[in-house]
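After this come two complexes, each holding chain A, first together with chain B and then together with chain C.
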Partner chain A sequence: MSLIVDKVSYKYSTGTAYEVTALDEVSLEIKDGEFIGIIGHTGSGKSTLVQHLNGILKATSGTVYYNGQDIYDKDYDLKDLRTRVGMVFQYPEHQLFETTVFEDVEFGPKNQGLDEKEVAERAYDALQRVGFPEEYYDQSPFDLSGGQKRRAAIAGVLAMKPSVLILDEPTAGLDPKGRNEILDMIRSMHEKSHITIILVSHSMEDVANYVDRIIVMNDAKVFLDGTPKEVFAHSKDLEAIGLAVPEVTYLMLELKEMGWDVDTTVTTVEEARKEILRAYEVKKSASK
Partner chain B sequence: MFREITIGQYYPADSLLHRLDPRVKLFFTLFYMIGIFVADNIFAFSLLTVGLFSAVKLSKVPFGYMVKGLQAIILLLIIAGAFNMFLTPGQTLATVGPLTITDVGLKNAGLMTARMIYLIIGTSLMTLTTTPNRLTDGLETSLGPLQKLNVPVHEIALMMSIALRFIPILVEETDKIMKAQMARGADFETKGLVRKAKAMVPLLVPLFVSAFRRASDLAMAMEARCYHGGEGRTKMKPLHYSKEDRVAYLLILLFFAGVVVLRILF
Partner chain C sequence: MNIIDARKLVHEYFRRDEEGNVEGVSVALDGVDLKVKAGQFISVLGHNGSGKSTLAKHINALLTPSDGTIYVDGKNTAEPENTYDIRQTAGMVFQNPDNQIIASIVEEDVGFGPENMGVPTDEIWERVENALKSVQMWKYRTHSPNRLSGGQKQRVAIAGVMAMQPKCIILDEPTAMLDPDGRKEVIRVAHELNQKKNITVILITHYMEEVVDSDYVYVMDKGKIVMEGVPRDIFSRVDELKSHRMDVPQITLLAHELKRSGVPVPEGILHRKELINVLNS
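After this line comes the complex of A and B, so read on.
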C-alpha cells in the first residue's frame, strides 16, 4: 500500500515559447502512514509534484503507481483515486461555491455517491475535526474570515475520508496563531487516524516541528530526502539553494563554533533546550 | 485544458513585426480587414494570402501557435459554411438527399470560410506581436481626435487593456478551480445538457467571485496610486515613428491598392 512516483517529468505549455520543465525525472516512494513535508523555494515544482499524486496532472513521461496499480492505465478509475488521495490546494478557499458552509463541505461526499444521511454525517464530522465553529455552519462561505474559509475548505476534502491527505501550503497567508492551529489539527489527525499526510510548505520551521520525513525540491528535482535530522545536517547545501534551516539549528551550529560540545542535529526548540542544558551541565562539572 | 486559448494573447519574440509601432499594426489590421471583404475572387485572395503569410513569417510566431486560435471557431465555420453551401439559390451542382449544392452556394461558402479564417489569423497577428500596453497606447493615440467629440478614448483604451490583461488570469483561475473541484470528485465531462450545466456551477461561482474580487482589488490599487483618468497623463515610453514604420505604411497602402485593383480587374 503506497504511492510510487517513477521517473516523472512534467512540462507546462509544451511546444510554446513559455515551455517550463516543472518536474525532471522525479522518483519517490511514499509509504502508508508517513507524515511527509515537501519543501523548496517558489517555483521549485512542489505543487506540480503533488498534483501528480491524485492524477490531476498527467506526467509528460514516467508514471505514478497507487497500491501497485499504474494510475495512467486506460481502465484505471481516476475519480476513485481522487477520493482516496485527498488534495487541499494552495488557497483552497477559492474553491468554495455553495450557499452555506455545510453544503459546500457536502460537495465531495455527494460526488462519491453516498446517501444523504451519510453525506451529512461526513460533513458534520469533517467540520468538527477542523474545529469550525458550529454557529457558522449555515453561513455563506463568502462571509467568513480567511482562516475560517481555509478550515471550511480543508473540511471539504476531509469529508471524503481520504487515506492520503495532501495539503499544499495550508498555512499560507494565515497569522501565527491560525498557522499553529491548522498544523496542530493536521498532526492530531495523523496521530488519530494514521492517514498518510503530505504537507507542502516553504517554511522549514513548520515542517521540522511536525513531519517524520522531509523531501527538499530544487529546480524541478528532488534535492534531499530524509528525516529532518538528516536533511538539516546539510545546512550549507540548503543555504546554497536559498533555503534556511530552523533557527535552533543555527543556534546549535554557532554554539558548537564557540566550543560547546552540543549536538547540532536538533531541529525543534524543545530538543534544543534539553541539549543546551545538558551541555551546560557538562561544562559546569568540567570546570569544577 | 483551458490553456489552449490564444486569442488576444501576446507571444514574445524579437521580430520586425514586434518592433513596429502599434499604430502601424492597427492601420494594417484595419486595411487588411477591409481588404478581406473587398476581395471576391481568387486573384485578390492570392494577394491577401501572400501578404498574410509574409507577415506571419516576419512575426517569428510559430504558425502552429497561430492556428490554435482557430480551433475555437471550427464549429462555427462548419455550420456557417454548410448553411451557405446548401441554402443559396443558383445553378444546381449536386444533390445530397433533400439538400442541393449550388454553384453560388459553393462559392459563397468557400469565400466566407476563407474570410473568417483570414480575419482570425490577421487580427491575432496583431495581438500576438503587440503587448497589451503598446496596443492600448496605439489605440489611444490613433483615436485621439475623437476626444474632441467627447468620446472617452482614454477610458475605452484602458478598458480594453484591462480586458486583455485579464484573459490569461481568468484562464489560469479557471484551470485552478477546475482542478480543485475535480479533486473533490466533480466531473466536468458528464453528458447531457442539464447535468453539464449543473456541473458548471462549482466552477462558475468561484470564478465570478474571484473576478469581482480581482476587479475591486485592481480598482483599489489604481486609486491608491492616484489614478485619475487620462487628463494630463504623460507616457513613460511615448510612441515615435521610425523609418521602418513609414516604409510599412507605404507597403500596406500599396498592398491594399493591389487588392482593390485585382477586384476591379477580374
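After this line comes the complex of A and C, so read on.
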C-alpha cells in the first residue's frame, strides 16, 4: 500500500521556444503512514510533483502507481483516486463557498454520493479532527478568522476520508500562533489516524519540527531525501541551492568550529538548548 | 517634525447582516498614538486581525478616523482637500503583488503613477529608470510582469510607488505571500531605500525576523499599541510577545531558554554572532 512515482517527467509548452521541464525523471516511494515534508524554493517543481500524486497533472513520461495500480491505465478510476489522495491547495479558504461552515464541509462527501446521514457524520467528524469550535458550525465561513477558515477548508478535504493528505503551503499568510496551531493540528491528526501526510513548504524551521522525512526538490529533480537530521547535515549543499537550514543548526555548526563539543545535527530550539547546556556544563567543570 | 503623527486614533466599522442591516459596531483601532520621525525605519507587528493593516490605511487616507486625528507630513487626513497630497507623500505597497500591477510591461507599470500625476514625459522616464534601478529590476524593464517571481513583482510594485517620489512608504505585509528568497530581497530593498534615499519606511508584518534591524517597533493587539521600543527591548520580552500571539526569532528564543536553564545569557539577543560571543566569554 503506497504511492510510487516512477521516472516521472513533466514538461509544458512543449514544442515551443518556451518549453520548460518542471519534473525531470523523478522517482520516489511514499509509504503508508509517513509524515513527509517536501521543500524547495519557488519553481523547484514541488507543487508540480504533488499534483501528480492524485492525477491532477499527467506525466509527460513515466508513471505513478497507487497501491500497485498504474493510475494512467485506461480503466483506472481517477475520481476514486482523488478521494483517497486528498489535496489541500494553497490558500484553501479561497475555495470556501457555502452559506455555513458545516454545509461547506459536507460538499465533498455529498459529491461522493453518500447518503445524508453519512455525509453529516463525515462532516462532523472532520470538523472535530481539525479542532474547529462547535459553536461556529452554522456560521458563514466568510466571517471566520484566517486560521479558522483554513481549518474549515482542510476539514472539507478530510471529510472525504482520504488515506493520503497533501497540504500545499498550509501556513502561508498565517501569523506565528496560527501557523503553530495548524501544524500542531496536522501532527495530532497524523498521530491519531495514521494517514499519510505530505506537507509542501519552503520553511525549513516548520518542517524540521514536525516531519519524519524530508524531500528536497531543486531544478525539477529530487535533490535530497532523508530524515531531517540527514538532510540538514548537508547545510552547504542546501545553501548552494538557495535554501537554508534552521538558525539553530547554523549556530551549532559555528560553535563546533570554535571547538565546542556539540552535536551539529540539532534542528530545533529545544534540542539546541539541551546540547548547549550539556556542553556548557562540561566547559564550566573543565575550567574549575 | 514627525512625518506621521497619530493621536488617539479610533477606527470603528459597522458589522452588517446579509440584508445590510447594522448588527453592531467593531473597533479596529482603539486610541492609537503613533509618532514617526522623517527618515526612520519603523515596524508594526501584530497577528492577523490586530488592526495593523487598518492603521496602514489611515496613513495614506484610504480610511479616515472615526475619532482622534492623524497628521501626515503636517496634513490632517480628515480634510478631503488634503487627500491627494497625502497619497503623494505616503505611498502604499500591499500584500499581494498580483493585485497592484496593472500594465503588461514592467516599465509601463512603474510609469503609471507619475503619468497620472501629470509629470512631463521625459521626467516620467527618468523616474522610472531611477525607481527600477533602486530596486534592482532595471534589467527586467521590458518584461511582462506575469513572468516574474513574487519577490520580483513586489519590487516592481515598490518601484511603482518610488516613481511617485513619496517621502514615506508603507509596506503592508509585503512578504506574506513570498518564499524566503523573495522575502529577503524585499526587506533588503526597503532598508536600502531608507538608508540611501532617506525615505521613511513603515513595515507592517508578522514575521519577527524582518523587524530586527528597524529603528523602532510597535506591537499591536486588539486595535491598541501594546508594546513599543527598539527591537532589542521588544525581543527581550519573550513571554509578553507570546501573549500577543507573536513569536520571537529562533536565536532569541534559544537565548531566553538558556537563561532560564541557568546559563548567564542576557535577554534580547537578536543575532547568532551575539549568542556565540556571549557563550564564548
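Note that the second predicted complex is superposed on the first by the 283 of 288 C-alpha atoms of A that agree within 3 Å, B and C clash if a C-alpha of one lies under 4 Å from a C-alpha of the other, contacts with A are read in each partner's own complex, and residues count from 1 in each chain.
One rule holds in what follows: a residue touches a chain if its C-beta (ideal position, glycine included) is under 8 Å from a C-beta of that chain, and two chains touch if they have at least 3 such contacts.
Note that the structure is a prediction, hence the values are computed from the model and not measured.
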A:Ser145 touches, of chain B and chain C: first, second, both or neither? second
First (chain B), second (chain C), both or neither touched by A:Leu277: second
Partner chain in contact with A:Ser203 - chain B first, chain C second, else both or neither: second
First (chain B), second (chain C), both or neither touched by A:Tyr250: second
Which of chain B and chain C A:Pro176 touches, first, second, both or neither: second
Comparing the two partners chain B and chain C, which touches a greater set of residues in chain A: C
Chain B versus chain C as contact partner of A:Met258, first or second or both or neither: second
Chain A residues contacted in one complex by chain B, in the other by chain C: none
Interfacial residue positions of chain A with respect to chain C in the complex: 41-43, 145-147, 172-178, 180, 202-203, 205, 242-244, 246-248, 250-251, 254-255, 258, 260, 269-270, 272-273, 276-277, 280
Contacting residues of chain C [partner chain A, same complex]: 46-49, 95, 149-150, 176-177, 179-182, 206, 208, 245-247, 249-251, 253-254, 257-258, 261, 263, 272, 275-276, 279-280
Interfacial residue positions of chain B with respect to chain A in the complex: 3, 11-13, 62, 64-65, 173, 176-177, 179-187, 201-202, 205-206, 209-210
In the complex, chain A residues that touch chain B: 13, 15-17, 51, 54, 56, 79, 82-83, 86-87, 89, 92, 94-97, 107-108, 110-112, 142, 156-157, 160
